[in-house]
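Following are the structures in question.
Same chain, two partners: chain A is paired with chain B first, then with chain C.
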Partner chain A sequence: MIKDTFNISDNNFEQCLKCTVCTVYCPVAAVKPEYPGPKQSGPDGERLRLKNPDFYDEALKYCLNCKRCEVACPHDVKIGDIIQAARIKYSKKKPGLREMMLANTDIMGQMATTFSPVVNLSLGLKPVKAVLDGVMKIDGHRTFPKYASQKFESWFKKTAQASQAQYKNRVSFFHGCYINYNYPQLGKDFVKAMTAVGYGVQLLEKEKCCGVALISNGLIDQAKKQAELNIHSIRRSVAEAGIPVVGASSTCVFTMRDEYPHLLGVDNADVRDGINLATRFLYSLVDSGKVRLAFRDDYKLHLAYHTACHMEKMGWAIYSISALRLIPGVKLTVLDSQCCGIAGTYGFKKENYPTSQAIGDSLFKKIEALAPDYVVTDCETCKWQIEMSTSVPVKHPISIIADALDVEKTIELNRR
Partner chain B sequence: MNINSESQFDAIIIGGGATGAGTARDCAMRGLKVLLVERSDFASGATGRNHGLLHSGARYAVTDHESASECIKENMILRRVARHCVEENDGLFITLPEDDLAYQAKFVESCRAAGINADIIDPAEAKRMEPSVNPTLIGAVRVPDGSVDPFRLTTANVIDAKIHGAVVLTHHEVVGFIIEQNRMTGVKLYDYGTKQTKEYRSKLVINAAGIWGHHIAELAGVKVNMFPAKGALMVFGHRVNNMVINRCRKPANADILVPGDTICVIGTTSSRVPFEECDNMYVTREEVDLLLKEGEKLAPALASTRILRAYAGVRPLVASDSDPSGRSISRGIVLLDHETRDGLAGFITITGGKLMTYRLMAEWAADLACKKLGVNEKCRTADVPLPGSREEDKAPSKKVYDMSATATKAAEGRHGFMTEKIKAESLSDKAVVCECEEVSVAEVDYAINDLHVDNLVNLRRRTRVGMGTCQGELCACRAAGRLAKASKCAQRAQDDLTHFLNERWKGMYPVAWGHTLSEIQFTSWIYEGVYGLSASDNK
Partner chain C sequence: MKFDTIIIGGGLSGLACGIKLAESGKRCAIISTGQSALHFCSGSFDFLGYVNGFDVETPASTLEKVIPQGHPYALMGAKRAVEVAAVVPEFFARMGVKVNGSIERNHYRITPLGIMKPTWLSLDDFTVIADKNKLPWAKVSIQNIEGFLDFHTAFIADNFEKMGTTCTITAFNLPELKHLRTNPTEMRSANLAKTFENVDVVKRAAELINRNAGDAEAVVLPAVFGLFDDKAVQELKRAVKLPVCFVPVIPPSVPGIRTQIMMRRRFQELGGTYLLGDTVNDAVVADGVVKSVKTANLGDTVLEADNFVLATGSFFSHGLVAHPDKVVEPLFGVDVKADADRDNWYNSSLFEEQPYMSYGVIVDDSFRTATGGNTISNLYAAGAVLSSFNPIKEASGAGVSLITALHVADLIINKK
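Right, the complex of A and B next:
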């Protein structure tokens, strides 16, 4: 047997005291009896798999990789990592066309943005949806996020890049696939907010999809290549130029910080602290008195903040919540932290659709009952899920801040 | 006193270890009317308290040619007839820098002389084959070692003895013999269930009680000079190695690491103990230290691996009749015909030997029994597979057993083809009782109904319930619930639960540090804090 190449501490699963609190917190175990739950899939299963790899249970594919089990564990067992590593190592199911299509956000995005009107139209057409559902097993209830006609990168280079030189502070922006191909507005909002407080934005030397969808769809070699490329670019910025890297998507940031070393064996120890989340970066600047924000008087909204799973795992929801609370006109309700059920590409798969909706059900009901103006969350796939499953639109906290900002006044405040 | 008037047996076999169960099977297969009696549970003595090593015989090759060739023959037989009890892992004999590499040549030569395939392999190749092995090794020999599950092996022998008409009584202790005119004609058995003593008549009595055979012989008025030799072992939480790892040197303490089922076992020590200790052995701190210190030399990862528990067994060493002082000890098989030796007809003792040679011991004892009874039947146990390893036990087509892939696979490992007898029909039958070892409600119920299970310790030996990482923390109360349902007595199940947890604690106590200590503390919170059991509930 070749020694394990994945960086799960060899004996980490032994720390498990079998208390089962992980399974109590598992959103899947609660609604899907076929899933043995994190304790049995993780530390218990690992012991059996060490005895004989045939003990690998394909039911591990039902794991969302939300990592709520790891948050719940009182003994620091990397339960989610153990499950993901087992899937990588033992699963005999090879990724198919659907997995390739869902996971390759870069290739799909590149093609789709070029022909966005056609793609958006056809992805919404009933016959196309029928083919996706019937042949590809991508659930017909789902609608792919619309592709933008102009990529964020193209907009940035054309419109914003030249003016960034005037700022003495800098950040490198890891925009991720969603902002680049589907929702450039969030990227524009980020640039607006950062430049208002005197921070110039630059792109990374090179950026690829963080790879989270590749990992969850079993395309590990490709994920590893992209991780290496991203860490190389991040190293150029963080280690060589001393410029922090900031991303808006909680999942991209989490993946680059934690999944790279834990699941892909890509070492990021020297730059991990330099990879930050947009709301955390901005709030920390405010909190330490380095920058100040001024908001519009006429901005009055009721917002409900939804804590995405990877925000929970990083423990960073508090930064987004605190940032939103800076806005005087905002009435903020913090929803109980729970999984919405989408988990990236998981909920797109036909076989997972009922599970996905059952997991999110109580969340959707709470949102409907609360009827806020917007749900706010740091995760783009939570946005799709909540928008599909409720009548409330969803925004990113950076977009809320950008909207609420009195730009003139903020620039003035930070000039002093 | 009651007299059991049901029947007269041809042979009463005392001792439910591998040897007694094997003898009962062999005799029953030859057409004898057999009664097998065990004072506690199958495999509760030395049979269940060793490495579970399917010896290739290599360990004895240099020092004891006869044992070595017996071992390799039995090894090959068990691979055929007890497939579901055996794991064909292979073994390494490694030479470390502190060992003499010259011993290797002598070792290989002796192995070959005994008929054991022993191949010298490159240390780098050994590391590739078994990544956990001490990387500083300077020599390695590959031999056909393996693992054998003594509980399964004994149970399979009992099941087959019953199929061939044997009567089996567990929790029955021999308290006396019926001897008429220098001929043994029966035994007096105390039934722990009914608390009554009964007489059972038989033409022959075979003493296969291991170290306790010393006392049995005394009861019969004959002297068998035995010496209890304690061997301590330690179980680790998971498999560190997948091949057996031995030291290539003269047999010494703690120089075998055996992977078996979900765990691995390091052992043993060797020390003489008084007879009074045989029923209740404790592993000392010195033994734990020694096992760890030597174990790390075989596989360094043991130093940081969670230890589940420590336990000890008693090897029955028999002084040869020519030397009652005990200086010349035989480790081979000892078959005593008390008619020719002591003038007591109808009494045979089979002892010495080892788990590996249980079948051969049974064959010798059954041969002598048949000779005395005038039965002219040949031994067939080397050719006829045990229940669980027989193709014909496979259900023809209908799949009655439908559980999670993991639980099914785990059950198949434990019961072989007998798994087909486990019927999971409802959702609750499929529920898991023991999560560490993946034992379902259906499997527990099967064991209770078909495999002589009266208490949780019996159940553990049949199914591995409570043998995993949590040592009963989650499964003990669930399993006790199934036993309460079967016995229709909640109080009995509750007492049994307390007893079981104390038995688990006994094994954890010598290694109670780190995660093992946290685990037992958590178990105590659950059972004492939440369920309100207390240690003094234990009778």
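Right, the complex of A and C next:
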């Protein structure tokens, strides 16, 4: 209503009244003063850029796109969107080989899973790391996530697909690159949990990387192509077949729901509500009484939930937290919501490494002091960052639920 | 999802109400569109500072004599308002927020320009000043951080000298603080406070402050210490040899943000759900009862509760919206007190009482709202969204927020 009356732009740019609240919650500004902060980079800078594009400042590349400024804004100004849109529109810096490599998760993943033993070994070798660090400017402290020998899709088609027909309810699983190439176990856990409550899992007609890394590395045309392909597949599932699409990664889901229309201009209005997150989908089923879960008596763990930035932006941590609280043997500590510093490929770049670690520092200290059995988070890159920077292993909430589930009892409870 | 009470608005009023309810074992959710006005807080809380332009010395005994009909304090009765006010220091202490002051006698706070204003409670950081015309020191050393633009030392000195206190003005610097100055526009209070979270930086700053102080009796410093808790404040006061007199700076307010953080932490530790960056966009009201609400982020998830509290604030936070011809409460469209003729909204003399300042939601003596004169039996209102008080002319904003919120919580707790 307010927007219709007073605004001319979609990002609520005109609603900024310079209150400075966003600057408090920017994880970058406090540790990297070269970054002009969300207020200056966003609405303030936009005023100047609208006058003359030469006012564009390349320092906007230091923005993590965490969107915590937007969560803090009392007037719903899409500060993060303004900044990312400015990068897309005005930046003259062309993506290099490193950006191509980091952003093309599909091509890299396809190659790497094929030769996974060699790739995993060599990515861990000192000379390779030295080349990555020295030549490619990918920081030597980073460890690339290991590549799986068998893709999730291959496993699914070979092992699980045939048995899915027996379920009356269906979901289309957007597995994303991480599950497909690096960590198929999470996909298997998802299938285990869904089938236990009577939901069969299917793959999308076609799936490409959601494109988040392409967007942040400036490969916009390619991102747009992939977005269009994904939305086409999603439309086939959601609009034509009435089957919801569910993803496990908070960032993939966020990107497809919000970044596609806001940054890439790919319209998803007809299917946006049909793109869901695994924990939200499952918890909503439980909360509305449609399914029931039974858990093992012997499952006893202390877990610490970490709210990833895009999870905070979506406002959906409540679902993951509520789902974990269903497990009787779990003692759950909810960590204060803050950025871990990795922000996808951002933290892999050599020039960002110190910033990345400084941002996450207080989180790592809190985790170490708490010493839980696992940190739990819906984001895979948070997992890499926290595992690299603390001694605590990290799991996805769906994996926790799948482990804790008394499968036979759950199947029994949901049989009608 | 089902709660006992859902509070809309996550600022001082919403949090106080939620904490009080949660303390008595109620399951509560707070929904907040972005961060709150505590980010602009002076560090003090006013209850009743002025009557007809004159300073109030003894708010408790004055209130009964002067309170106009319809004023939020009058709705609950002056005696009850004072009774609630008397327990606020203890209420704050339970969440680790230490305040000084008493409802029996106002004290004075120093504004960012060095002027004295009457107030009820001040955070423990600040000096409680008894005499409006005299500071407790004959000579002070006013010290800024080099390059920090939001602390106006010359104004402060000017006003202090008028009260007979001699002032010297200096500035100190450290490599960590100089680093922040890389981007002078981003050298803000919150970023300084984040730097001072490191105890070592505070200790080295204290050494410089001690050296600069000369023969002063106290040092006057910008209130940029202690963002997440008051450790940095304590450390600084310990390490500086003279009494420290903090003066608030141009927002964002570090002590205010800390209060917000500590209140939110307390609420969540008591099991409360705090949804930040989310907005109520749909409500089901039937037969004079609010059944449920929905939010922008949670989509089709229905949020049900026995009681709802409107703590959405005034015009600034869109708790009230002014259209060209009317003032409305946008979420439920409840009855609002406002002049029908727009010409009567303003007084053309800026510093005179502005009628629109006392516009707001109309409630009965149980703080329940109404539509078309028909009471909504489970929708309460608290804080700045209420009508018939003028927070500026009365210096009563924080008091009305806190006292009505705690009163409403009691009404809900004692409801049959």
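FYI, the second predicted complex is superposed on the first by the 405 of 416 C-alpha atoms of A that agree within 3 Å, B and C clash if a C-alpha of one lies under 4 Å from a C-alpha of the other, contacts with A are read in each partner's own complex, and residues count from 1 in each chain.
Keep this in mind: contacts are C-beta pairs under 8 Å (C-beta built on N, C-alpha and C of every residue); 3 or more make two chains touch, one makes a residue touch a chain.
Worth saying up front: this structure is predicted, and the values here are computed from it rather than measured.
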| item | value |
| --- | --- |
| First (chain B), second (chain C), both or neither touched by A:Pro244 | neither |
| Partner chain in contact with A:Ala30 - chain B first, chain C second, else both or neither | second |
| Touched partner set for A:Glu14, first chain B, second chain C, both or neither | first |
| Touching partner for A:Trp316 - first (chain B), second (chain C), both, neither | second |
| Which of chain B and chain C A:Pro372 touches, first, second, both or neither | neither |
| Which superposed partner A:Ala72 touches (first chain B, second chain C, both, neither) | second |
| First (chain B), second (chain C), both or neither touched by A:Asp273 | second |
| First, second, both or neither for A:Val334, with chain B first and chain C second | second |
| Partner chain in contact with A:Ser284 - chain B first, chain C second, else both or neither | second |
| Doubly contacted residues of chain A, that is, touched by chain B and again by chain C | 1-2, 19-20, 36, 40, 75 |
| Residue numbers on chain C that touch chain A, as the complex places them | 1, 33-36, 39-40, 179-183, 185-188, 190-191, 194-195, 197, 251-252, 257, 265, 268, 273, 275-279, 295, 297-301, 316-318, 321, 323, 330 |
| Residues of chain A defined as touching chain C within the complex | 1-2, 5, 19-21, 23-25, 29-30, 33-37, 40, 70-76, 273, 284, 287, 312-316, 318, 322, 334, 336, 362 |
| Chain A contact footprint on chain B (complex, rising order) | 131, 237-239, 242, 259, 261-262, 301, 304-306, 404-406, 409-410, 432, 435-436, 438, 468-470, 473-474, 515, 518-519, 522 |
| Chain B partner contacts - residues on chain A that touch it in the complex | 1-3, 10-11, 13-20, 36, 39-40, 43-48, 50-52, 54-55, 57-59, 75 |
